[in-house]
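This is the structure, below, for whatever I ask next.
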Amino acid sequence: MLELRLLQGSLLKKVLEAIKDLVTDANFDCSATGFSLQAMDSSHVALVALLLRSEGFEHYRCDRNLSMGMNLNNMAKMLKCAGNDDIITIKADDGGDTVTFMFESPNQDKISDFEMKLMDIDSEHLGIPETEYEAIIRMPSQEFARICRDLSSIGDTVVISASKEGVKFSTKGDVGSANVVCRQNTSVDKPEDATVIQIQQPVSLTFALRYMNSFTKATPLSNTVTISMSNELPVVVEYKIAEMGYIRFYLAPKIEEDDEVNS
Amino acid sequence: MLELRLLQGSLLKKVLEAIKDLVTDANFDCSATGFSLQAMDSSHVALVALLLRSEGFEHYRCDRNLSMGMNLNNMAKMLKCAGNDDIITIKADDGGDTVTFMFESPNQDKISDFEMKLMDIDSEHLGIPETEYEAIIRMPSQEFARICRDLSSIGDTVVISASKEGVKFSTKGDVGSANVVCRQNTSVDKPEDATVIQIQQPVSLTFALRYMNSFTKATPLSNTVTISMSNELPVVVEYKIAEMGYIRFYLAPKIEEDDEVNS
Amino acid sequence: MLELRLLQGSLLKKVLEAIKDLVTDANFDCSATGFSLQAMDSSHVALVALLLRSEGFEHYRCDRNLSMGMNLNNMAKMLKCAGNDDIITIKADDGGDTVTFMFESPNQDKISDFEMKLMDIDSEHLGIPETEYEAIIRMPSQEFARICRDLSSIGDTVVISASKEGVKFSTKGDVGSANVVCRQNTSVDKPEDATVIQIQQPVSLTFALRYMNSFTKATPLSNTVTISMSNELPVVVEYKIAEMGYIRFYLAPKIEEDDEVNS
């Protein structure tokens, strides 16, 4: 039997909004340690990894490991019916073919049960090796989202170049070209406003803006975003979920030579 | 001659927004007692009854009974041109073929006259018998609107079941099923936040969510909604209009057997 | 070389939003006195004239007169990427074929460069004679925008009639007819709320509402709008840009006889 009670139900709503456009169907894996998901996007280019640790739940009962296949769009539809202040409980029987989302309003006057059929989804769990990244950028998540959105109005790809001084986001398209430079800046009033760059060596990688924009749907989950890059490795765009875990997005860089030839 | 001056013009704007999607053309009936309307929706399934009593108007002159056929969409277009703080006066000559809406801004600097052609509309006035209902639910209008909207994302019909403990709204669809239970609750800070259920015997009826959602367009008119149900009778969904009257929506229940067979 | 630094960058963003729907491509003319533009709309019915005087810029360097052809839609796309509090600098080399917009965030942490290709645009500069207008109306710009929008829901043209007592905006259409009268009013708390009418003789002219609505896109630039009319002359709808200049829209009146015959 599974029963996971999350006081801050809005958090689960935000998680679904963050991934539902990228991933159609996925298995949620429940174990004693937490509630997690790993899934490729439908075009098999980007990978999403979600972890909500058991300690973050007010009540966490998971008798045996369960893998529950869900249609994320339908799940998001149901979670949209939860109020932002509602407590959300996820319930399932071992071996059952449904999952129930229960929403309790703050004053307990309104109790909702939404039951959804589970799906059988083939999936292989990729082992993601822990890596030391050559460049790690932490910056305000809204700033990152704004830059990705702005550059999308000019071009299709973004070159992210990290150096000691700062990080540069560049694009070009039919309209013209654009460079946005964010300087390292740690002297800020609020720590979440800082832009901090840890560099072992300068890195410059090219990515499809379409995916970056999709990742920034997670912005409501965290004030900051961490972008970890090494040459020839997928970038990791991570949004921490306060005291519970994270959403991480992985995206392989584009091989730049092709662009150079064409431009 | 007809001249009805309403200080709170925004109220008439809200009335039109509440009914214009349900009813295309309708007769407004003016008599010494008030300004009223009774109309079926275009598919002849739901009935709307509006009453604005003469006492609610700052000035009310109606020399003889008048029935004025109006296209509600056009009337709503004109009323949208009134500011929310404007005073609205409805004017018509006996036997004339136009109606004039006059809007006065609060400081009297801006005076607008909108003249609309009247239409000839055949209509029969249905006598609606006063009934004792088996279950009467009074609840916050926004809560009711939220529940109807939420359930629409899951299914097409809602079963409303009233008992002493509370009222349950249920639906099912391809995605899954949903139950929302609102408990009787009278210990609230503001009386309009209460959920009050008067029961003579438990009632459970099925309705098309499409119509319920349409009725909830009247939500801005009142903090509370009253839902009156008896077995095999149309439900009445009523929004009181402060100190002036009401909008009531009538909708026949669906025969549930059909659903049971198909599900 | 050209280098124009504008502390209030949001102002340039608003200018572009005001004219980009009316004008597709246009030459911006830079001289020692200022940054200006004169262009016809694509159907050659309305004329826009923009002036931003050099004194309004924090830094203004223009070594020789330059005429820079730009696609306003692309320029607007780039300016949308500037934050509302950003400082904007326009840069160009003499004889170059590009222009660069540089955006500096208030704390200088983020610097963006957007480079756009210039275009060759044939244009003739019309001399607009200074005229004494028979009627000059100054009114709140939001009020004017509201009236144009409201009347558009009823008809396609507006008759603007100015007299000593006030200004009347009239339209008619299939739905009916509408008259909005704004009285002269100078006893207001804030000077920008006044409606002031200077009349040498009553004027009544008819205009296409489509263009009027387009002009009101400039509303965010100024709290007031000035409408100058003389019989048989184009109306001037002017939005002052605080301490820097103006946007003026010119539109020829419709010949009313045609309407009269048809109505």
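Letters A, B and C name the chains as they come in the text, with residue numbers starting at 1 for each one.
We take it that contacts are C-beta pairs under 8 Å (C-beta built on N, C-alpha and C of every residue); 3 or more make two chains touch, one makes a residue touch a chain.
Quick caveat: nothing in here was measured; it's all calculated off a predicted structure.
Chemist: Angle of the rotation mapping chain A onto its copy chain B, from a C-alpha fit, rounded to a multiple of 5 degrees, please.
Modeler: To bring chain A onto chain B, one rotates by 120 degrees.
Chemist: Does the chain B and chain C pair touch with the same residues on each side or with different residues, judged by whether over half of the numbers are shared?
Modeler: different
Chemist: Using mean CA coordinates as chain centres, what's the chain B-chain C distance in Å?
Modeler: So the centre of chain B lies 44 Å away from the centre of chain C.
Chemist: Got the chain C residues that touch at least 2 other chains?
Modeler: none
Chemist: Can you tell me which positions in chain C touch chain B when the two form their complex?
Modeler: 143, 150-151, 153-154, 175-183, 185, 195
Chemist: Can you check the complex and tell me which residues of chain A touch chain B?
Modeler: It comes out as residues 71, 74, 77-78, 80-81, 98, 107-117.
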